[in-house]
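Worksheet for the structure shown next.
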């Protein structure tokens, strides 16, 4: 029973979501909103689970005095430091302590982590854009042309070409035609894979998510 | 110095220090990065916990229940079942909410993807090839698009070996995929550099008043 | 976060461009014609007012259309807009339910429309100083439909797909032999696990940064189940950091079962499958930390990824790990291709569980997927032929919503 | 993040081929920082959409009222902020009145900062020469309501002052009193809505600024529905050039071009070294 009931629940919920899409009549019309709301609530509860897991892991590190356990204290301090004001002192409105930490610690770190991409995009293109094989050469040429087409330099390099056939136009063409074709093929294929996997899940053929593939 | 400007200055300094800590990772792993990383994880986890409560659990569960809308008891029950993971003996109950989420998620995906990524993409691939009244390059582009989409799809055939005609067409498909990957990569480079400029502007202008 | 939608914009750009140019020139024409001075004579009325129940909905809505007043974009051209008025009595009084600007010849009235009540409508044409009502149309009732005809095409495609999948699954059950082509990234999995064992280093498995309702995550967990088993057989350590607490819960079950299936339940360490945080960049910061400190020999990034993909893959590459990625996030594939040793592209991710387990049922459904692709290509080809023969009825079968029954 | 340990006795070419990535990082950092601190002012020519916007604003008579929408957040400030500064300086110099509002929550704070930064050096006063109405949720509905009365959506300004206390707002009732609309937008809700309502329905002249990513999507509106458009950091730098106030965008644009060039350069030398070492291997193979 421990495995059958979840399978039945999966089937009923999946089938309901498919059916409600086609039937605008009561009781199906409100089904999607209700399911999505319930989904969010469960996810909200699961957050407690996550926090418990994180806390226990790091408390254990501190208790066992594992190497570098001091950082676990930093982590816990951060967690408590934002959660306590968020729950008990002023909530999450503007100009609260919660908002101060969000604006001055979380946002700068987030943007900086994101900005690391500028460096990684450079090192990745240095390594990957090499004409080792035909495929790699295609990657290189397409990437190189589009990169040049995005800066004024590209157009100045192709000054001798008539208007409409310069580097930026070529880059736009690559983006609009071969790039679109490739992406569309991936998207269509992936859609079929997603739908097939979903149907297998609903029908109970794919059940490794319950543990024990 | 008023409290507000103190707040701003103090906040800027925290932001600047943490920014530098994260950047230091580019050189190598070091105690500054480790400090920032752990703080980052802790603060963000706490942030999500609080955010979740105020923006999801309260308006979508507690408020409606307080207004005696009993249909919200089901999500409450499922949410509590989720927490049974914490006591191993009845932990298997958590499979119910998981089954609910996976089931309803999968059901939604079936129709969403068939509609938006199947029907709509077919429709946008159906373009007139008729040369009359159109410049030659429109026709050529449409043909290239068609060849690209079809050959790309053939690449994803799994139950046929990539030999013979299938192999040839799949090969063309790979060409399109590779061009598409290269182009998307190149297209993103500039946006990524602006992110760095934004960060450095924060450090040099807002914090150091340098420029 | 970057989304899947952001990448498809290039494709729609051409269409968008032409539409915008068209719209732009229309507006210019209007402005040029607007120069004539306003007058006090009332405008000509809107004509041919028709109201009908809005199709394919749960009621509460009526759709109206009319022919523009002769003074709107023509005649004296001094119309400024229209007011739609409604009443339950043909003789009024009428209340205004909607006002629209000039050049608009239809609206949907959704303001407190009761189902199955008879309504009478009137459209009033307005210029600066005066107004002219149209003839009254009615009674009309809003109703609830039992089936959304606009989605019939989606239903048919869904049914075709389910039939194909079930047919081949049944065939597979009967014992039909099913071939599956090589997928390099999946062949490399075992080798990658073996290498980690040789080096005595752990394996890092990141099941994406999305929720359990994302099918890419489910596909990833299916692959994890196979990987966990191999890992247990090789006596290697596997580290699974998680972005979502529910995914973590499932990942713990999956890995535990994998160790159990390999006959080594005692080797499973629950602390290696853990939650980090549900925020994109802090999660990446932590995983980067794991990569440079634990130095896993193999990194597997499989599931749904966003802009952080390259941060993960580049940091992993710098530690010299073998990296296998798999995602259907079109925008992130280029970065994984550039920085990883193998990448499962799009649908390959969803074929993985069949490929790894060789379970006949799954292989059968893979065959169904291929037939659906043939169907898709067939639709494209037939569509092109009919379209270029001057018949666009076939193309209109793919309209969303489907309008051929309206 | 150490590089993979290199084997001894490798040739120079081989070592350059697998150059330590930190060398690349340093080059990128230098390529971005130097132009930001000492702007080079790489030759930049204003594109037609930027020039058109500038000319349109220049042609507005003294005392005209400009409505400015701050529909962006800190994430895109680096692209849109400089446009905003250059544009505001042009307005203040010309004696135009500016009414600011935001359809994005964080836009109101960004507007506050931009106004006070741009006001430095000009004799302008809050309430008389410029006002900040703050943020209002609702997107297109808010824009629509401005056609009737500003007070419907914005009964008070960002600090809670009633509009009747602000001299500038006494003469601004609805769109009819606005001479020009400038929308800085990072996405949705944003520029397309302003074009649709303010231009399409109420016939106002609309100009705009957007991120580089969304520029290709918005260019088609120019010149019929949009009198001018600034796209990304490049557009901002062009406007700084036109207004004659070299600011953050000019620096940023230099940095962006040079960093881009650095990456292109690395790709080229990466391939050169790769081919040299491949040829060497071939030669060695032939010898053996």
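Note that the chains are named A, B, C and D in the order they appear, and that numbering of residues resets to 1 at the start of each chain.
Everything below uses one rule, namely that a residue touches a chain if its C-beta (ideal position, glycine included) is under 8 Å from a C-beta of that chain, and two chains touch if they have at least 3 such contacts.
Predicted, not measured: the structure shown is a model, and the values here were computed from it.
**Q** Farthest from chain D by Cα centre, which chain is it? Let me know.
**A** Checked the centroid distances; the maximum from chain D is C.
**Q** Determine which of the two chain pairs, A-C or A-D, is joined by the larger number of C-beta pairs in contact.
**A** A-C
**Q** Using mean CA coordinates as chain centres, what's the gap between chain A and chain C in Å?
**A** One centre to the other, that is 14 Å.
**Q** How many angstrom lie between the CA centroids of chain A and chain D, rounded to a whole number?
**A** Comparing mean C-alpha positions, chain D is 26 Å from chain A.
**Q** From the C-alpha centre of chain A to that of chain B, how far is it in Å?
**A** Averaging C-alpha atoms per chain gives centres 2 Å apart.
**Q** With chain centres taken as the means of their Cα atoms, state the distance from chain B to chain D in Å.
**A** Chain B and chain D have C-alpha centres separated by 24 Å.
**Q** Note the residues in chain A that touch 2 or more other chains, in rising order.
**A** 18, 21, 39, 42-43, 46-47, 49-51, 54, 107, 109, 111, 113-114, 116-119, 121, 123, 125, 127, 129, 139-140, 144, 147, 150-151, 175-176, 179-180, 183-184, 186-190, 192, 194-195, 197-199, 201, 209-210
**Q** Where in chain D do residues touch at least two different other chains?
**A** 1-2, 21, 25, 28, 32, 216, 256, 259-260, 263
**Q** Of all the residues in chain C, which ones touch at least 2 other chains?
**A** 7, 11, 13, 151, 154, 158, 161, 211-213, 215, 218, 246, 249-250, 276-279, 281-282, 285, 292, 314-315, 330, 333, 335, 337-338, 345-347, 351, 366, 369, 373, 376
**Q** Touching residues of chain B toward chain C in the complex: what are they?
**A** 22, 25, 28-29, 33-34, 36-37, 40-41, 43-45, 47-48, 82, 85, 94, 98, 101-102, 104-106, 108-111, 114-115, 118-120, 122-130, 146, 149-150, 153-154, 156-162, 177, 180-182, 184-185, 188
**Q** Which stretch or stretches of chain D touch chain A in the complex?
**A** 19, 21, 24-25, 27-29, 32, 44, 74-75, 216, 256-257, 259-264, 266-267, 270-271, 274-275
**Q** Going by the contact rule at the top, pick out the chain A residues touching chain C in the complex.
**A** Touching chain C: residues 18, 21-26, 29, 39, 42-43, 46-47, 49-51, 53-54, 57, 60, 109-110, 113-114, 116-117, 120-121, 123-125, 127-129, 139, 175-176, 179-180, 183-184, 186-190, 192-201, 205-206, 208-213 of chain A.
**Q** Could you please specify the touching residues of chain C with respect to chain A in the complex?
**A** 4, 7-8, 10-11, 13-14, 56-58, 144-148, 151, 154-155, 158, 161-162, 165, 169, 211-213, 215-216, 218-219, 221-222, 225-226, 229, 242, 244-246, 248-250, 253-254, 256-258, 260-261, 271, 274-282, 284-285, 307-308, 310-311, 313-315, 317, 328, 330, 333, 335, 337-339, 345-347, 349-351, 353, 357, 361-362, 365-366, 368-369, 372-373, 376
**Q** In their complex, what parts of chain A are in touch with chain B?
**A** The contact residues of chain A facing chain B are 2, 5-7, 9-18, 21, 32, 34-52, 54, 68, 71-72, 74-83, 86-87, 91-92, 98, 100-109, 111-119, 121, 125, 129, 135-136, 138-147, 150-151, 171, 173-192, 194-195, 197-199, 201-202, 209-210.
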